[in-house]
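Order of writing sets the chain letters: A, B, C, D, E, F, G and H. Residues in each chain are counted from 1.
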Amino acid sequence: MLTLVASGQMSPAEAAAQIDAPDFADLGFARVDMRRQLRTGVTEVVYGEGKTAAQIASICEALREGGQGRVLVTRISREKAQDVLGTGLFPEACYWEPSRLLLTAPLPQPDGKGTVAVVCAGTSDLPVAEEAAVTAEALGNKVERVYDAGVAGIHRLFASADVLATARVVIAVAGMEGALPSVVAGMVPSPVLAVPTSVGYGASLGGLAALLAMLNSCASGISVVNIDNGFGAAFQASLINHL
Amino acid sequence: MLTLVASGQMSPAEAAAQIDAPDFADLGFARVDMRRQLRTGVTEVVYGEGKTAAQIASICEALREGGQGRVLVTRISREKAQDVLGTGLFPEACYWEPSRLLLTAPLPQPDGKGTVAVVCAGTSDLPVAEEAAVTAEALGNKVERVYDAGVAGIHRLFASADVLATARVVIAVAGMEGALPSVVAGMVPSPVLAVPTSVGYGASLGGLAALLAMLNSCASGISVVNIDNGFGAAFQASLINHL
Amino acid sequence: MLTLVASGQMSPAEAAAQIDAPDFADLGFARVDMRRQLRTGVTEVVYGEGKTAAQIASICEALREGGQGRVLVTRISREKAQDVLGTGLFPEACYWEPSRLLLTAPLPQPDGKGTVAVVCAGTSDLPVAEEAAVTAEALGNKVERVYDAGVAGIHRLFASADVLATARVVIAVAGMEGALPSVVAGMVPSPVLAVPTSVGYGASLGGLAALLAMLNSCASGISVVNIDNGFGAAFQASLINHL
Amino acid sequence: MLTLVASGQMSPAEAAAQIDAPDFADLGFARVDMRRQLRTGVTEVVYGEGKTAAQIASICEALREGGQGRVLVTRISREKAQDVLGTGLFPEACYWEPSRLLLTAPLPQPDGKGTVAVVCAGTSDLPVAEEAAVTAEALGNKVERVYDAGVAGIHRLFASADVLATARVVIAVAGMEGALPSVVAGMVPSPVLAVPTSVGYGASLGGLAALLAMLNSCASGISVVNIDNGFGAAFQASLINHL
Amino acid sequence: MLTLVASGQMSPAEAAAQIDAPDFADLGFARVDMRRQLRTGVTEVVYGEGKTAAQIASICEALREGGQGRVLVTRISREKAQDVLGTGLFPEACYWEPSRLLLTAPLPQPDGKGTVAVVCAGTSDLPVAEEAAVTAEALGNKVERVYDAGVAGIHRLFASADVLATARVVIAVAGMEGALPSVVAGMVPSPVLAVPTSVGYGASLGGLAALLAMLNSCASGISVVNIDNGFGAAFQASLINHL
Amino acid sequence: MLTLVASGQMSPAEAAAQIDAPDFADLGFARVDMRRQLRTGVTEVVYGEGKTAAQIASICEALREGGQGRVLVTRISREKAQDVLGTGLFPEACYWEPSRLLLTAPLPQPDGKGTVAVVCAGTSDLPVAEEAAVTAEALGNKVERVYDAGVAGIHRLFASADVLATARVVIAVAGMEGALPSVVAGMVPSPVLAVPTSVGYGASLGGLAALLAMLNSCASGISVVNIDNGFGAAFQASLINHL
Amino acid sequence: MLTLVASGQMSPAEAAAQIDAPDFADLGFARVDMRRQLRTGVTEVVYGEGKTAAQIASICEALREGGQGRVLVTRISREKAQDVLGTGLFPEACYWEPSRLLLTAPLPQPDGKGTVAVVCAGTSDLPVAEEAAVTAEALGNKVERVYDAGVAGIHRLFASADVLATARVVIAVAGMEGALPSVVAGMVPSPVLAVPTSVGYGASLGGLAALLAMLNSCASGISVVNIDNGFGAAFQASLINHL
Amino acid sequence: MLTLVASGQMSPAEAAAQIDAPDFADLGFARVDMRRQLRTGVTEVVYGEGKTAAQIASICEALREGGQGRVLVTRISREKAQDVLGTGLFPEACYWEPSRLLLTAPLPQPDGKGTVAVVCAGTSDLPVAEEAAVTAEALGNKVERVYDAGVAGIHRLFASADVLATARVVIAVAGMEGALPSVVAGMVPSPVLAVPTSVGYGASLGGLAALLAMLNSCASGISVVNIDNGFGAAFQASLINHL
């Protein structure tokens, strides 16, 4: 945290607020973790699904009072986001529709050590890829996007080989047969985080086919997150990029 | 059949035997289909698993009496094969151990129109790939083998691009994530028959992961057979190569 | 391609456009493969699901500029299709509602070597059967349809035995228990491409029961595509029929 | 029961023993149901798996004391059967190895109203088919066997159409894709009991593929029992045949 | 059929129509089986799901022309049924809403040999139980209903023991844990047809839990049909009751 | 029951009504169990899903006539609840929307021996946690709620260690990875009833992931109920708390 | 613990040793929890599977040094148990073969408040039932056994209705369709802990069918443990019986 | 590579050999990737399962000739390892039995930037944890082991909080309910790689329960590898630790 203060990423007041904060704020319906940044170095993120707009706003306020001014909310629908924005509590907040992300403050300057490349297999995988890309940006990373580069026309992937090879982490997003991460991992020296998507039908089983494929990759250097979990991959990519 | 006789593939006596044959020979434990060649143009094949050596020998004899001298037996263990060979009934028979195939007569001269390429992802997929390759040869096809060319080191696959591109049919064999057929289908103008294998562990679920991946391929021109069913792919490849 | 030009299937201008085309056109949201026809002999097909009408129209335009005037779009809803047609960009385009297919130019003259037979088990399987039939026609094949010929009244199937026996490829479409391809493959000398459908309820598990049955067929000469993937079967059938 | 006595199937002493029997005999490890025949009209059957030879012998003795002299034991291995026979307690008992059945008295004279036809798809399905056939005989039915009549060579099935059409009940046994019952049910006016078997590999999933297929049959008049449960089908067939 | 004529169930004209009928009537979208009654003794039934009202009406008309005046249509929604009734083609038709059944003529007089008992576990299972009961009535059976008699209050089941014990066939309908058929089969001397329903949530997996339980019943004399398939159980029950 | 009367929980009239009640009241669509309280000590509960408001009201009336004035109805939607309340038959009834519970009389005074703690992992699990909490209260238990105390910020759980340690039973509710019960069971000396919820997406498989995790807990003292079955856990917790 | 000392269950020396014990003893391969008894009131249990006899002996010794003289080891094979007994370290230890349990000291005097009834469905379920029964005894409970009382002959269960109704907790063990707990829970006023077993074949899926059935029980008052986990049910039963 | 040479990790000769190496060495049964180190910075690893000892030795030799003297072989049984060691080709090779790893040269000096912590839940998870730990060491990382620290006695985990918090990457290994990674990820600021193991029985489904739990973790910063894939986690951990 002291590093963040020194670098201007966090104001001394925010830091003081965090140190003085209680362990958690009990809102009745939620126990907001006020010390996650102190403990794990990363700010708390709010999972928007299954929470009302009012609950989301309250949690973000509690966090701001605890010293965390920039809160990322995931899987929040357009309607709920408009309600949160409409409260006027977060005048600088912005919302990304395809990726269903809301950030209560503007995107920060990147402070990660390298770039995070986000590569996806098809146009239909875009929402998940964007969830990964915007999350990574919200957590302070420079992001390179390589979209619609599936293995059925593999020259489209090779055309971006340089971008991939120079990234510090690669997030590979694919539905259907989920083959993309295996090919990418054979091309780059960096860790590859694989994100299966629910794109497909029939025997894709809602993304299970892609998930299983990625878990069974013959290439080394791959790990996998839940189906459609672009956020999860970006969060871990950010941890790695800030090491 | 007349074509086969004209080309010397089948003797007039064999042809006559087949035409005179009853619909099937009832051996009690089996009803041997004596007219498959007349009906579908391809000889009867014997599935060895779950049959005794004596049953297998009887069926092959019945088929020979019906005019089919060259019988392919699949999934027959070394022990059973030795028992069948030991009867002395099929002096020209030979057995391939890795692929567990037995043929009651020597391999025929290829009479297919082009080559059948068999490409596999890893060394562990070899038994299934060989089942495909030897079956294709037993059914009269010229076969090109491209082995251990998985997508994690994709230059190994590209090194054989010519062999693949000039084949009339490609059989792509892979376990684990089963990504090989998708990449191959994007490289060649011919139909690709995908064979998932049970190679892998954990979430490979005995080959289901590879099977699902292949069924969900984003590449066009692929169809799939059962896990480890090298025979099935080769049988259809042979039908296509003889069109 | 030269053959296509010689036969009048493709104009010299289209051919020149394709040869001069870049590897792919990067539309931001999509990397349109401009050389698939050169590489695999078949034109690029657009998967409509998960793409907006505007995205689909852009991709079709890019392909036309690259020399491919006839583009097939699959799984495109009536609404999106009307939007694409409403742009006026593709005055000759037509749309098939049950099969959700759109073609940006009229159906071509068949140039395949034989006929593709499409046989389905029940009336409820019609949309998938039609996806297969129209796709095959769009790719230049003569198609014979044999509908509602399930195995529970097997004389209905035998009544069309001649149509099936003389086809160069047979596409067999069935839901529920998926038994049709096994019976058909025992009747014909040609390759059988099996398409499971999601018709059924309860233990049909959205078509998985039919899919598993087809993968386990006791008949030789069958390969299988994804559930409801009439397009995929027709694409491979067309490859085979043009060999 | 009085009918059985009148017809000489059961001696007056046996009948008296049953009427006087307690509800069950408590052997500690087992509570032997002594009144099943009174209650349901059919004698008690012993499931041999997971019981020792000594336990099986004790249960059969207890049943004999309760008036049931002919006891069927299912799924009993050759070793255990020899131990039971070796006790000398059941001098007339006999054992069928493929079907793993033991009967403590000779097969009875058939007293069912018609015949039970047992039809199976392949030679590998024989053990299950025999479990059905011998069970039906042990329960007093005349049995007709039609073996190796799978749908891939459907003329072999049609050759036995008369046997099937005149049976009072048909038991159809099949592994792999499990298509046989659907075809049979379209040919006969009697109820069809379908028995899936674990014959197959890969995507047969130990018989689940055949089970699912049979449950989803498009033909009417079919019901299904557990995988490899030839006994269960025969038991119900016997109930029907004795109505 | 002659029996039907003799008993007045079928008019001589209907019988003549059936004998003269072609094997099937090809309506383009459907091949209506015109000889099922001759072949299997039971009239053709129309599966309503996935067919339009117009298609259903056409098929019923074709069957009537072929001599079958009473046609049962299953799984037909209220809307479609009203459209079929609205055509005026079948003035005597009636529709049962909970069971989604339509019959083009009034219910026939029962001609089965005994009664068919339909027992269900809970009030939520009623629609499936009614599908079974009305189908059985439509096929000429006397039906006894025992509803809401689940095993958690087993005295409610025992209160109807007589009805169950005297039925010629019992249809046992249950969702959730599907235990009812096991208990019933231990109480009655007749065959029990088990129908799992999709009633439940969570780990009931849409009825799979009940289906698996019924397939694994420790009681003898049970066979099983697909989830929610009240029709299928009643059809087979009718076959048995007419033996 | 006498205890209930002595303690004023049940009036002598109610007790007399129960003793005089028939075994069950047959409403046609339902057989209402009138003696459950006598037999098992707990009043009958009505499962609201799949029943109409009229059916629910009738059952509650029948139970009241049988002496059970306080009836709990589970899984009843807001609309149906309003219809039941609108009948005016149960003027003291109240409805809890998040937990979809209706009680035909006010909450009783707690008579359980200790407290039932309900702990849940996240805010999205609240509806299921509330179903458990309100059910426990309706059955006469004092309830302590500890909400949003998931294992990712485990200090939030430890902050309530005392509440958990002094409860007589703990109900632990969690979706996603379902880890909460394992951690809780290592902290407390009382039995832990685990409730998986359907909160999550992708590989959570509708709550199956949490269910499997809980069944495989490495901690002793845990048992599990169906997904989202807060009622079931509370019912058993109440039995334990009243021992 | 003081209660245990006061009642003579634990010597003052043992109690002192436990209070002085470190949090855990680190044996390198294991961190033995030395304060579980202090924390949860129950002694530590050792899971024998996947541990060597030497590891098991070391852990038991470490626990004895920490004041816990009676250690229960579960799922320990006959061979390993003999090795542990052969060390001579635990002269009073005894081993139960069917249930694979080892106890390093004699069974204690029961100190639970009531009896624990263990009821199982069939003879094949005995090993799991015995694991439950002996575990309960080892934890200080009086146990009543009711074996082979499955629902197919339900009078065998009713014959023991008194034993079940007077137990403080009932453990119901069943494989195959797992119906027993539902029937039992409708008969008794106490909590029912359901244990599915892997007894069965085919669609029993290694016990999953029974597990799913129990989770979906229509009876209230049931919770469920893992397949074959007799220990887990007994552990929780003991917690309840000692409340 | 130049860095490796500069630091003495690789000799100039080895580097030169690698640069001069062909793309791959074709051994017939294998195409050994000779440039992986150049391309991805990490040496090639050999998957031992499904390969003979002779094949393994040949591949290691080919790699050594290509400049890679230290080759890691995974999943190699004791017997095969002894055969490889017995060839005398790799005099410095050593073998780790629990983790089934073979290294053809001694362990290298650590050159990673921080430590890799390997934490496992139970003693039975040790083989997988050791596969991770030894692999990480073989790839040049300093490793800290924290074993038997499952969540059921969570103080054992907290006792090692410092080791975990200061690691650069944490590998968390757990079977059964797989809860460990969720708790760990809430305690540390570094990325957590989760490894599910096949430890467990019944509903653990061979490790699927743990795998699903980890994929659904409510904690951020976790990614997952295949069941029992300690190697895969260590490989990616090493990539991260060398960034």
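One rule holds for everything that comes next: a contact is a pair of C-beta atoms (placed from the backbone, for glycine too) under 8 Å apart; a residue touches a chain by one contact, two chains touch by 3 or more.
Bear in mind that the values here come from a model prediction, so they are computed numbers and not experimental data.
Ranked by distance of CA centroids from subunit B, the top chain is F. Separating the centre of subunit E from that of subunit H, both taken as means of CA atoms, is a distance of 60 Å. Computed centre separation for the pair subunit D/subunit H is 53 angstrom, with centres defined by C-alpha atoms. One finds 48 Å separating the Cα centroids of subunit F and subunit H.
The set of subunit C residues touching two or more other chains comprises 122, 152-153, 186-187, 202-204, 208, 211, 215-216, 220, 226.
Chain pairs recorded as touching, per the definition above, are A-B, A-C, A-F, A-H, B-C, B-D, B-H, C-D, C-E, D-E, D-G, E-F, E-G, F-G, F-H, G-H. Those residues of subunit H that touch subunit B in the complex are listed here as 23-24, 28-31, 33, 35-36, 47, 49-51, 55, 196, 198, 206-208, 211, 226-229.
On the side of subunit E, the complex with subunit D involves touching residues 39-42, 45, 113, 168, 185-191, 193, 211, 215-216, 220-226, 231-233, 235-236, 239-240, 243. Residues 122-124, 126, 147-149, 153, 155-156, 159, 199, 201-204 of subunit D touch subunit B in their complex. Subunit C contributes residues 121-122, 150-154, 176-179, 182-183, 185-187, 200, 202-205, 208-210, 212-220 to its touches with subunit D in the complex.
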